[in-house]
Structures are given as C-alpha cells and as structure tokens.
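For reference, the structures are reproduced in the following blocks.
What follows is chain A paired twice: with chain B in the first complex and chain C in the second.
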Partner chain A sequence: MIGKVIRIKTSIADAIPRIEAWEKATGEAKYCGDLATPDELIARVLVSPHAHARIRSIDVRAAAAMPGVKAILTGEDFPILSGVLIEDRPPLAKERVRYAGEAVAVVVAADEAQADLALQAIRVDYAPLPFALTPSQALAAGAPILHEGLGEYKLAVEDVYPQPGTNIVSQYNMRKGDTAAAFSQCEVVMEQRYFLPPSDHLAMEVRTARASITGDGEVAVTTCSQAPHVVQEQIATCFDVPTGKVRVTVPYVGGSFGGKAPVTLELLAYMATKKVGGRPVRVVLPREQDMASAPCRLGLEAHIKLGASKNGVLKAAEITYHLDCGAYADIAPYMTMAMAANGTGPYNIENLACDAVSVYTNHTYATSFRGFGHESYLFCVERAMDALAKTCGMDPWEIRFRNAIRPGCLSPSQIECTASNLGDLPECLNKLKALSHWEEGRRIRVDGRTVRAKGIACLWKAVNPPSDAISGAVLTFNADGSVNVNTGVIEMGSGDKTRLAQMLADKLRMDIGMVHVAMSVDTRANPKHWKTVASLSEYLNGVALMRAAEDALSQIRSIAAQALHCAPEEVEIDDAKAHKRSNPKEFFHFKELVHGYKAPDGTSVGDPVLGRGGFMLKGLSPLEPGTGRGKLAPAWTVGAQVVEIEMDIFDYTYRILRAGTVMDIGAPINLKATTEMINGGVSMGLSLASREAFAYDAAGVTRTPNLRTYKLLHIGQEPEYRVDFVFTPQEDAPFGLRSFTEHGILGIPAALGNALSAALDREINSLPITAEALWKAAGGNV
Partner chain B sequence: MIARNFAYLQPDTKEQAAAFYQEFAEPFYYGGGSEIITMCRAGDIAPDAVIDLKRIPEANVLRLEGDALVIGGCVPLRAIGDSGLFPLLKLVCGRIADHTNQCRITLGGNLCGTIQYRETALALLLADALVVLFGPGGARAVSIHEAFDERMRLLHGEFVLQARIPAQALFLPYVHVKKTAGEKIDYPLVSLSALACGDGVRVALSGLLPYPFRSRAMEDALSNRSESRERRVQNAIQCLPAMPMADYQGSAEYRQFVLRQTLAAMMEVLNL
Partner chain C sequence: MRRIEGKAIIELRVNGEARTVAVRPSDLLLDVLRNQLGLTGAKPGCKNGDCGACTVLMDGWPVKSCLVLAVEAEGHELLTVEGLEGKSPVQAAFVGHGAFQCGYCTPGFVMVCHAMLTHHPGAEELVMEEWLQSNLCRCTSYSEIRDAVRAVANAGKRE
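Our next item is the complex of A and B:
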C-alpha cells in the first residue's frame, strides 16, 4: 500500500474513441436481427396499397392452408388501440386503412419464404375512400375525416386537445404581449408561407422485434427500441399483462434518429407469439416497408409574419404551424407543443401570436425525428429572418445578432432566460463570423456561369420531456476495482454511453479503462431511463449517474477511513485509490475496498460497494391553454450555422462546399467525438434539405419507398465541415454540459435555403431544394 | 429475399440455352442478374427457371474482328468501358448504376431488361450496329434499328448473343451527357449520346420518353447549319416524338429545359 501516486489519465476533455468502436468495426456487435434462434417463427406484414379505404373483407383461407404457415392475424384478433398520447392506432388495421403502408395482416410461418408466399395469397377487398394528403387539404371544408371516433379515444396524457369532427389532433396557442398593437407600429412587415414534405429516418438497421411467452406467462421481447421501458409498459397496458411479467431487452441499435422511439412492431410481435402459443416470433420488415409502413418524419405547412422597426429590431410575430402528422397521432402533439413553445427561433420577440396545430392526413404517421420538429420550423423562421433582413436592407448576420435572445428576455412560453438555461447565442454568432469568413460576402460571382453564396441560420432547441421523466444508474464493482455501469440508456450510435462512462471515470477519479458499461439494456436488470431520446442522456441519466458515483464514493470513503484509521472526510480519492489527505503515500487501491476490506489480521471491514442514483425531472409545467405560458424544458442549446454553396446559374445545379457550426455546448467533453456528432447532424440536414422527400402519386401512395429512388447524401458529396464551440455552463447539469447530440441538423436546412435564395436572388421556401426547385423559382422557362 | 424456388441452369452452348428455354413455362435468361434479383424480391416476376448465359463462349467476346467491334451479350458494362474500344459506349457504360453493378450488368441485360432507360442502346443506335440474336430458330443478325423499337423486339426464346459495331463509328467525335435530378448515380432525366458524322450529327436520347430513341428529324434539325444554334436546338425540341415524361424525378417541363441545355452544350462541344 505504499507507492507512487499518479494522476488519472482520463478526463472528460479527452478525445477517447467510443467504447464500442472495436466491436462495431470488427462486426462483432450484435443487433436485434442478428439474434435469431433455431426455434423462432417469422412474421411478415401485409400492408395497405390504398391511402384511405374501407376494408370490406379479408380472405386468408388460401394463405392459411399454405405450407409452413402457423397463424394469420388481422385487426379482428386483437381489437385494441394504442398510442402514447392518444390511443388512436390499431396495431393492425380494423375495418379501415388510413395510409398506404398501414399493416393489415400478419402471417406467422416457419420461415421467411413461407411467410412471404402466404402474404401474397391473402385477398383483401378494399373500398377506396377520399383522402387528404396535406394539412390544408385535411383542414378544408368537406375534407374526409380520418377519425370519426376522435372524441371517444382514450387520452393517455392531459395536455392533448383533439377536436372531434375535424382532423385536428391537438392545438397549442401562444399569446404574449399585444401583437395587433405592435404590428400597427411596425415600420417593416414581412410575410411568407413555407412547405416541408414528410421524409424518412432511414437508419441503417431496419426495424425488427421478437417476442415469446413462456408457459407461466412471462413475456420476453427483444427489439431495436429507443425506449425499452415504454415497450414494457405499452405491452402491459395494451394486453393486460402485469408490467413486471414483461421483460424487454435491447442490444445495440443500428441508428434510429427518433424513428425507433414509438412502440410498433413490438405489439405485432406480442400478438403473433400469443397466437402461436408463445413460440418465439420475429417480425421482419423489408426496407420498403420500413420506409412506407413504419412512422416517418413530419411534414409542415407554415405561415410567418414578422414586424420590425426599420433598423431590423423585431417587434411582433404572427406564426401558424400546421403539422402533417399522418394517419395517427403518435408523439406529434408533443412535437406541435415544442414548436409552439420555441417557434420564434432564438429571437427576442415581445409580441407573439403563434398557433401550432397537428393535423391528421392520409400519410404514413409521423414520429419523433432528429430535432423533434425544430429542424422543420427553424427552416421557416430562419428563411423569414433572411427575408426580413432583405426588406430592411440589413446583413443577415447583423439582424440575427441584433435580435438574438439573451439572458433577461422572455421565451415564447414566457420563461425568463438566464445564461445557465439559455447559453450565449451572440458569442456563437461572433465565432461563426470568423469560422465562415462571413465578411467575404454572401454572393460572389466566380465565373461566367458560377456563383458562390453563403447562408446563415441560428438554431435552438429545448429538450421536451414529460415533467415526470426519470432515469437511474446502478454501479457494481469487480475484484480488480473496476466499475460496472448499469443504466437504461440505449446505445444507438450517438455515443451517449461513452460520454457517460467518461463522466463517471472523471467523477470516480479512475481511468476510462476501468469503466465497464453494460451495453445492452434489459428492463429486468437496468433501472428505468424514460427513453433514449431528446439528446437528454447526459443530463437526465448524467445526474443519476453522478448521484450513483457519489453514493459509491461515500461507501469507499467510509471503508477506506476504517482501513486507514482516519475520518472519512480525511480520505482523498485519485487514480482508483483512496489515501489519507495528510499522507498520499498511504493508500488503498479500490480493489482492496470495493468488496469490503479484509485487514491483515483477517478482520472484515465494511460491506461491498453498490452505487445507486436516481433522478426525476423537477419544476416543469405544461403549457397553459390560451397563453401557452409554461416551462417545458430545463434548458435550451443555442448555436448558429453557415452553409456555403456553388451554383451553376444556367442549369441550377449546385454543390455544397462548406458547412460551419458554432454551438454552445456548456462544457468541453470529448470535443473530437462531439464534433463528429455535430457533423453527422449537419450531413443529415444537408441530405434532408437538398434531396429527401416522400413523393406521392395521384392515389396518395408513396412512389419512392426504396433506396433506389429515395436518395440520401452519401460519401463523396459531403462538404468541408467546420465546428467551433462556446462554453456557457448549464448549472444544474453534470459538468455544465448542454444537450447537443441531435443539434447539428437544426439550422442546416435553413442555412442551405438562405444560401440558395441568395445565389438565385429568389425566395426558396420549400424543401427539398433540388435543381428543379431552383429552376422553378427562377421562372421555370423551358 | 426471394421466396419462390426456381431452377438455375448454366448451359455451355447457345443451342443448349435455347433448348432449356423451351422446357419451362416462365424462364428468364440471366446475364448479371441485378434486375432479376430485385424484381423477384419485389414480387414483380416469378420465374420458374433462370438460364445463365455467361458460359456461352460467343456471348463473352470483346474484340475487333475485321471491320467490326464484337461485344458479347454477357460482357459486363465495366469490361466494355475498360477495354476502351468504343469511347462513346465507355462513357455510357460508366454512367449506368455504380461500379459494383457495372461489374455485373451485361450489355444484353441492359438492352433487354425492364428498366426503361437501356442506355447502351443509344450508342448502338448511333453506330448503326448489328445485333446477333439467338433462339430456338437459330441465329439471325439484324440491324439495331430493326431489332430495337422502344425496346428489343425478340422472338420467343431469343437472347442477344452479340452486338457488332462498324469500326468506322468507333472513333467519330462523340458526346455523352447524362443529367439526373441531383445524384451522379441515378436514373436519367435526360441521357444524350451524339456522334458527329461528316457535316451532321446523330443523336439518341433516353430518360426523356419512357424508352430510348434516335430521331432522324432531330438530327436533321440540329445538322442544319443555315440556322443559328439556338434555333436548331429549338427546332430539334419541336421534333420530339412525344411530350417528355413526368415522374418523381422531374416534371415534363423541367425535362424539356434540361434537354435544351444538354443539346446546347452538345452543339458547342461538337462545334456544330
């Protein structure tokens, strides 16, 4: 116990690789689809070819008689409704389909080929109904009503407000100041409309789920979910099983971007296994169904009117957001609420009237997508800011700097902004100016047919958890003194588990190599973490984890104090050792303490160390109906981005040259990994804005539900990325760190739109911005 | 995944291939297989047999024979490009799909497949090539203009054994431009191939209409040097046999705009 004391090698600032990097790089990492067992049956899903139709009949007789077919399920088998906010969605359509791609029947067979053949033998007789594909169509007089029973649906939460007899799922109105009076005094008024189509998440891993039921009623589910505990609770609720009897395990998730937060295939897997006496059943979706059937990103129609003084100081805003939430509510009402509460963008506007409405349409239903709606409304707001700057004859950077929301301002939901809950947007803008060489000019003529242009956009995002979101962490120790971390956080590629391990290593004063993280999540072993969504892991789970570390440290101190014959307060911890403050050379290694201490004379001292920590969010409140006053989130993250493009002025094709981001992330934790995470978001935003959309034919059926025709940005098309940071600590967060994992995407669609609008000198107010869209905006001459 | 079982046959001779074809109800000739695999997967076709032509010696030829370049129907697009024997066709092949697929897709498969663009036909149409077809009735060599009308017109059980391209067409000044909605690797909005020939130009197009075509009327309009370039392009567009397609990749009007740009660029490159 006498030796040299060295400082630990790992700190939160170090650029360590992801802890699962080797496993993933070697292909050893296992995902849900890799965990097939010899006894499992395969389920395939039959989907609707109609956007909206009545199901007259389903004839499964021929299919049921085919070889290998064990069961066929239709909506009649489990006539239940599911939904996390509004229980409006049957896992299998009953009597009616509301979008092309909706699940109508499930075949369970011995193998995939038999399931596939049987699927083709099911005969469904549909009577097509009129359909609505955009919020405007769905809100128009005489529009087909998607859910006549909207008034009877069970609401799972209090703050959703469906309007029976219409297609309005929920609505949130923000009222601050006196908008009418303020507009009458504005010297400059700008008004525009915006349109964003639905698009897809397109995680590399296609969704899949597996379920079985033992003879004594134990339900086992393995799935690629971001929310295993929600899967557990939903299955318990929908099928009346005691929650504790449902065990959900999630291995690595191969990307999700919000798309694996809702509970979908898990319900089908449960129904399928139930129907075959509990044998394990795995539901398999081909990519085409993963795109057309599983929930996608929302569409949006927006109207923005901004009023300002002639020197560009914002005075008033009137904003309408109509979200295309597709055929079922899922989480769309809460995205609508988040858009209402943050819908001005990060600007100080004292007089605001903002109405955000989620609207049913006959599209594939929408769910959370990286940005939780912020990536969509920010396109509108930031395009509007550029249009306002143009009207005022101001530089777009300048108008943003002048109006940037600052500590002391009131947010749209009338929360007072502080440095801690907001961060420093003006400083982000200052740094971005240098990073992007903004002073070079916005539009530069390169040669006879090429112009180069820059577009800027600010971003902000408030995390939007329910006010009772919880998380937990349990720490156990190994005989070598290393620690095992058990949390409910899912690793889906966002690096959360590495950052949490790094935070823990720092807190426990040990090398990162001594932190072992349980990578898969098992609801029976890991404490509940609300959902791995909203970029909240480092905050929600981070607080719990730090509490668990404190708990473990106090136990280690207590044991060490007895071993060192001093008071616990005299014990210092460093390099996985506990030593006396007065004599650092007198110490015990964790390995001598964590399973209790055995003195040289054989006396046992203390107990095994078990660290526990939990956290429930505090101080949040729903939005007050009418004014929208309320606190939805603990804090915002702010930042600003620039995209630089080069456009051919003859054929309107363009290249994306550079994309710069400056974000206030609170604290410098593993900036290398953070930079890559932000770049991933930027790349996703560029892809979304430049090419991604579900295109629909005249019958309301998506024409591009495959990767042959639905194009993504790929390697070789990426721009030069530039990233810089501002660090304004969020005081209640571990190490002061702010959320950032989604945020790289947020301002990018708008920055691209602003760059191309500048290049073309036209207002580009729709996505995606293709060469054809630019040609059309330029007049569309053939 | 392909759910249905089918027979896989690998004949060594063309005669055996044609004989196999007659033994099945729903047979498909197989070159690279890229379309067959995707269409089976999507449930669009359900062959009971695929007859792999890749072991037929004549279908693998790629060489100059006398006054013609002979390309077997099973030669992959990539090999055609790498040989450098027909620079225009090299460019065409280099813009079909990606490298991986160019190593699989064959000349015969591209000409006879169901994907409507069939861009290798553009070069054959411009070069006045012959195609050698083989089927239960034996071999026949016919002009591409006779064999290809919107698509290959094959008799029952026939496949493309070879294409024979007149040597004088191989080194004419050429242009190939493929315009897509945005991606380099994608189906074309407009895919234009041109060969300058004497005073005039030969032009064939894919992507614009639901089939590839060569238009003599457009060629005449573009070759008429008594008019300005702009005028000639305008006249050529007037000669289009039908309205351009409209689909998820682009509207008819936008295709027309892209065509105009592409034709204008071609005129400049070929100095017409």
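Our next item is the complex of A and C:
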C-alpha cells in the first residue's frame, strides 16, 4: 500500500464537498460551449437520412453561394479513415453511408442561422442499400456487408481480429476446463437468450468542439473530451501534423459517461478550420444529432447455458455475446474483450466456453458507456442466475453466495484471484442481505392488485486499459506554502479531482484548503493522462500523484534539514510544517521552504520545490487467442445490488421503491461523495433498464432522437437509495482504494429485471422493461 | 404589437440592469443571453423545452429560455443564475448536499428551486416534485437535489 490513513486536520475520510462546488453552483464554471468568441465561425453538419446507402452525388453549389457561407466540406475533402483500434471510419462519409445520422457534409458559416439555411440547400443523391439492424441480421447468410474493405483497413493495435467478407469486427474466445464433459455430468441445465437494444449516454452537455490553426501551423483545439491527449494524437495521426504542434484544452465537461472518450467532432473541427485558412471554427450539434450521429451505447444479443449440481453449484457455462457495435468499430472490440474476460459475472465456473463477437450493423456506432459492457452482460448473467436458482428451487441470494468468486479461484481469463485483486463478494452479499431485509420474502402480495418484489444481482468490473497506459502529476508551490496540482485528469462530474486532492492533502499533511487544483486540462501544460475513463483515474493518477508528493516531500525535508541543522531523516512533516523529531517546537512552515529557504543571515538554502510523479501500468498481458488466457486489468471491483418494486398486476405499471448497493471499494475516502457517485450510477441504471432504448423505424432510422421521445428518469421517479461498503484494500493502489465511480450502474438493470420477473412470475430477458413489455410478457397482445 | 424585421435593437432587463441587444425576431432568449451578454449560466441541453438546463426567471417565474424569443422578453424582469450573486440559500444547499456532479444542469435547477421557494417557501414533497420535473439531471440520483431543496424548504417552514 502506498500511503497510510492518518488523521491530520483534514482527512481523506472527510465528507468535503467537491472542490469546484461553488463554481458550479454559481454558474461560473465554463464548459466548452460557454467559451465562444466573436471571431468564431460556426460549423453545422448534414447527416444521412438512410441507414445504408450509396452516395451517388453531392451538389453543394447552391449552398456555397448562400450568404455567410465560408466553406462546405464533404468526404472528398479529407479522404482519411480514423479509428483507435481499426481505422474504418471516415470523419465525413465518402461514397457510402452506413447509418442514419452519419455525417455527410459540413457547412462553415458566419453564424448558426446561415449555416442551417445552407445545409438545407445541399442536394445529396442517395441509392439506398439493404441494411442490418441487429447482430443476428448482420451475421445471417446473405446479410449486407458493411465494410467490403475490412481486410485492407489499418489496424492500430495487435489484438483485434476482423474477419473480412463478414460483418465480424473482432472475436474473443475463452476456453477453460472441459465444458462438454462437465455439462454431461450436470444435474441441472438452464438455457436462455437475452436482447438489449442500443441506447444513449445523454450527457446533459451536448458535444461541441472548436479548432483553429495559427500562421505557423499550431493547431489549437478546445473540446469536451475525456481524452485530450488522445485527441492530440489522433489529429496528429490523421492529418500528419507533429503531435507537439497540436494543443488540446478541455474545460469542465458536462457529463460524459464514456460518450466523450472517442475522437469525433474534433476531427471535423480541424477539417473545417483547415478549409477556412485556420480561422477558429466551432462545430455545434443539436441534441438530435448528438443522439443519432455521435456514438452511443452498444446493443447486445446473448445466449447463456449454465450447468450445475442440483444444489446449485455451478459446474459449466456456455456463453455467446454478440455485440451490436453499429457501423464503425471505435472501441467495441475492447468492450467485446472485456465481456469475454469477465463474461461469467463474479462466479466461480471451472468449465467455460465463452465467445464474444462484435458485429457491424447499420446503427449509430457504439462507444464506451458507463460500465464498458459490464452493465449489459451482467443483465444476462444475473438473469440467468435467477433462472438457475428457480430451476434448482433455491433462493437467489443463496445461489449467489454459494458460487461467488473468492480468492484462490481462477477468473475466466485464468488469473488467480486474491483478496487484493478481487475484494470480498461474500461479505458484500452478507451486507446486502441485511440492507435489503431479504428475509422478508422476495414477492409479497400487498393487496388485490399490487405486488411487491425484490431482485438482486452481483456485479464485478475489471477495467481493461492498454497495458502501457500512463499518467503523471506535477506539483508546484505558492508563496503561502499551498500546492498547485497539475494533472491530465478531466473533471466531468466523477469527482476524481476532489478525492485526488484529498489524498494529496493527506500525503503532504496539509489542510485541503491548501490544495489548489487546475480544473481544466491543457496538453501543453499538463502531463499526459491516458484518458479519464474506466474509473481508473484515482488509481492511475493516484499512484503518479503520490509519487509527486513523495518527491516534493523529500525536497522539503532536505531543505528543512539544512535550515534546522539536522539530518533529513530527523525531519517530520505535519500540518504543512517541517519540524525536528526531537523537538516539534522547532519547525518551519512550508511557506518558508517551498521556494528555497532564506536564512536570517541572508544565505540561501536549497532550491524551489517541484514535485513530479509518473506511472505506467505494469504486468498486463493480452488475451491469448484460442484460450483467452491473459491479464487485462490490475484488479476487479465487486459488489451486490438490490431493487425493490411495486407492480400493479392489472395494468403492469410499476414503481421503483428502493435500490440498494453494497460495494467493496477498498478504502473509505470521502464516503459521502462516494455514495453520491454510486447512487448516480444506480439512477442511470434504473433509467436505462426501465425506459431507455433507441427505437428504429422500418427504414432503420431512429424514432427517438430527442428528449421528448427518449425519456430519462426525472425527479419523483427515483427510489429510496441505500448504500453500504466493504473495505478490502487493493494493495498496489493509493490508500488501498478500488475503482468505483461508474460502478453504481452495473447490477441495476439485472436487479430490476429479477424483481419484475419475480413479480410477474415470467422470465423478462430484454430491456427496457416498460409496462408494455411486462404486459406482453404476461401474454398480452395487440 | 411591435413589428420587427431584420435586426432590431431592444432593451432587456437582466439581473436588475438594462441591457441593449440587437436581435432578429427568431433569436432565442437563451442564445442572446449567452452570446451577446456573456451570461453563460443558462445552458443549452436540448433547445426543445425538454431538459430545463436553460431555465431563467421571467418576472419571478421559471421559463425555459430556449422556448422564449428574445423579443418576447422585452419589458419583463429577467433573472439568471448570475443575478443570484452566489447568495441564494438554494446554492448553499446544493453545495452542501452534493446536488450536482458535472454541474451542467445546476444553474437550471437552482433557478427553478429559487422560484419555487419564493412562491412556496415551505414547499411539500409533492409541490417539489411537480416543480422540478421540468428539469433533467443525468449525473445525480435526484435524492441529493431533493435533500437540498427539502433543507431550504424546511428552513422556510420554520420562519
């Protein structure tokens, strides 16, 4: 463990508000869209109305002649392909559109109104093509092939395996033990299919990006990205600009949930500014395009077969996950890999065959979404566990407790689980039992038309960053002894910067009020942080930050030692002071040391203190083709959740009464903020599972591209939330903490599905679960 | 009724000050506040009346500034989050109760809550739910917002 929990004036355990709280409460916090300048041109995007079509021609002549129009771009202007894993996506469609909403042309004009008028004057002649909207359609014989050139695309990484001539983007197979033999000995076998449609991130801030190029070729990009350093590198790669010449700044981000990790509008902004001689251009999307054009959450088709002894001990599993990754690969192959490597859920299954396949379809392409696929496959696995419990005549809690993965077990990718890398799931289940009053019964008849039911689900998540992910931290000091924190971590709501500041205050043994954090990120000033994703920042950046603190402290100790005339080892640090161990009354405040020390006689001692720390992940390995053996992640986070509902058995409407979570978060750092993060995730999970889906019409165009038709949970629909914790330290992490920021969502769709399946006594195996879906499951038809 | 063609100069009363802006008849109040007056507290989230991120007060009542034309706001008293000058008990309660994460929805929520508590100082839960359904938050669980508002409403009841 790096660091140790010690109580000083402020502590990492303190429930302080987020450090930027007042800036946000007053509306002073600036987001990308708030930073408009009068010299900015506006770019608007024309999108495809077809799910799949050939572009015969684009006529921009009339539009180009309209007032205020500075430039019009089509796929012919920058015929490039982009992608972080597979370079398959043209930033503007060329010759072909593969989903309704795909960007086809960009108009750059003096203002939004002029750009919008010009958009309407662009004539595109499309020849519609047959399309596939689900993985099964896209994998069927005779399905339209989305990317005939799949074999020629450049692969940006080694571990993606596209299958040219098909719609298979990549595939990962896990093989452990002898599944066939194990199934033949199972007394109980359960088999089901599951379906999850794509949905949207719906961050309240609509994506926007701005770019300009100075006379000497310096590219400046301001965007709402979770990954400024990736934006910088992608622009450099796509447009052949030296990386250092690209400067990306990110102010506050208004929610992201994975949706702002891919590089999308930044490419369009670069192309647009390039076309107008480097003048600043801002790409502005309406919400409708943010939903239909920008990447969304994946869809999933799954098949699960579980084999167990009659007392419910899992023996074997056969699992197939077909991810609907939409028209382009983006990060979907890695989500597929994550599903393969964790796709059993947190259970010990010695014989496993799991095939996870990402499939191109004519949907909006998918990208990382809160949970990185875990929220989706867990719905399937946890529904399967309830179905298995029913077949065995067992209690759903009992079957989970019996099979929960524990230290000593092998994960699906055959990593040995330890208390440190796994945490304590049985303890989470024990606490969940108490927190949910599980013994009251799963299904209670309240009156003639109302039943109450509970559903539980376990969760686990392993992040899978690239094995060379890095982070860094630089500390500088002010004349009052306070510290400035410079990192590449984005503040997008997850509160990482507050908890990191608390860790730093603890480490430097100073009050949190003395920690000043640069909230925006600038690739020119801040050290590279891989991406603010995967709930990994407090680990990845935390290690770097603790190293920077160590570095600063050793400099402070050395200066103090000279000032105090003692050995550095005799210097103790507390309350922003360095004192002699033998005599705490003999001390110097940080403010006397951090810019070097000036002795009373005028001699100068030491140098200014500058703390630096860096961290690169170690010890990860890709999945071995065939068996899927390999280590994708430093650790898991485990937990268990419960949802309690009340359903009207006449009209199938229901209310969500309570939602509870117990999670092993490693260490108690600001539990109030932690609870808020977890409940935010729970709320999103309830919204997702109860109402969210992209619905498509017969032509493959989404019918729900706005908040009028795509409903989110609103106040009055939220349940009573309960949260409890288990603390099993992750030994290589600062203070022993585990990732948790996105995890609140993970088991919730499944727990809701289990509660409603119990209430109705039917197997509800698709999302979202609306009253209409329940009515249909109960046998209703139109 | 006044007829406006092309651009017209109008005067808006914003946060107690008279501000002059040049607008087209179709310009949204939201865009004029943000682009011409630099009042970026009100945010666009949908420009369709669905999210409430753009909420400001007009004569003390919440309006979605994406559904109001700038010319319609003439002659009315406008209050934006900037006009609260960080003094509203609602803001303090939002900070204390963790009623936001990314903060993008916050100015809108703060303005609705501020108006509600002016009209219903001791607002009960149902009143609160009715008023706040106009706004969406994607980050929080809503219970934090409810707790924040309840704290101010309870203080209102005691007074």
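Methods note: the second predicted complex is superposed on the first by the 772 of 782 C-alpha atoms of A that agree within 3 Å, B and C clash if a C-alpha of one lies under 4 Å from a C-alpha of the other, contacts with A are read in each partner's own complex, and residues count from 1 in each chain.
Definition applied: a residue touches a chain if its C-beta (ideal position, glycine included) is under 8 Å from a C-beta of that chain, and two chains touch if they have at least 3 such contacts.
Predicted, not measured: the structure shown is a model, and the values here were computed from it.
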Chain A residues touched - chain C or chain B, whichever exceeds: C
Partner chain(s) touched by A:772 [first = chain B, second = chain C, both, neither]: first
Chain B versus chain C as contact partner of A:90, first or second or both or neither: neither
Chain B versus chain C as contact partner of A:650, first or second or both or neither: first
Partner chain(s) touched by A:371 [first = chain B, second = chain C, both, neither]: neither
Touched partner set for A:695, first chain B, second chain C, both or neither: first
Touching partner for A:113 - first (chain B), second (chain C), both, neither: both
Contacts of A:703 with chain B and chain C, given as first, second, both or neither: first
Touching partner for A:396 - first (chain B), second (chain C), both, neither: neither
Common interface residues of chain A - those touching chain B in one complex and chain C in the other: 113, 286, 708
Partner chain B, residues of chain A touching it in the complex: 112-114, 116-117, 120, 286, 288, 650-651, 653, 690-691, 695, 703-704, 708-709, 711, 770-772, 775-776, 780-782
Chain C-touching residues of chain A, taken from the complex the two chains share: 17-18, 20-31, 33-34, 36, 113, 202-206, 252-257, 286-287, 492-495, 672-673, 676-677, 679-680, 682-684, 706-708, 712-716, 718, 720-721
List of chain C residues in touch with chain A within their complex: 24, 26, 34-35, 40-48, 50-51, 53, 80-82, 84, 86, 91-92, 94-96, 98, 100-107, 110, 128-130, 132-133, 135-146
Chain B - residues contacting chain A, complex: 1-4, 38, 41-43, 179, 181-183, 186-187, 247-251, 253-254, 256-258, 260-261
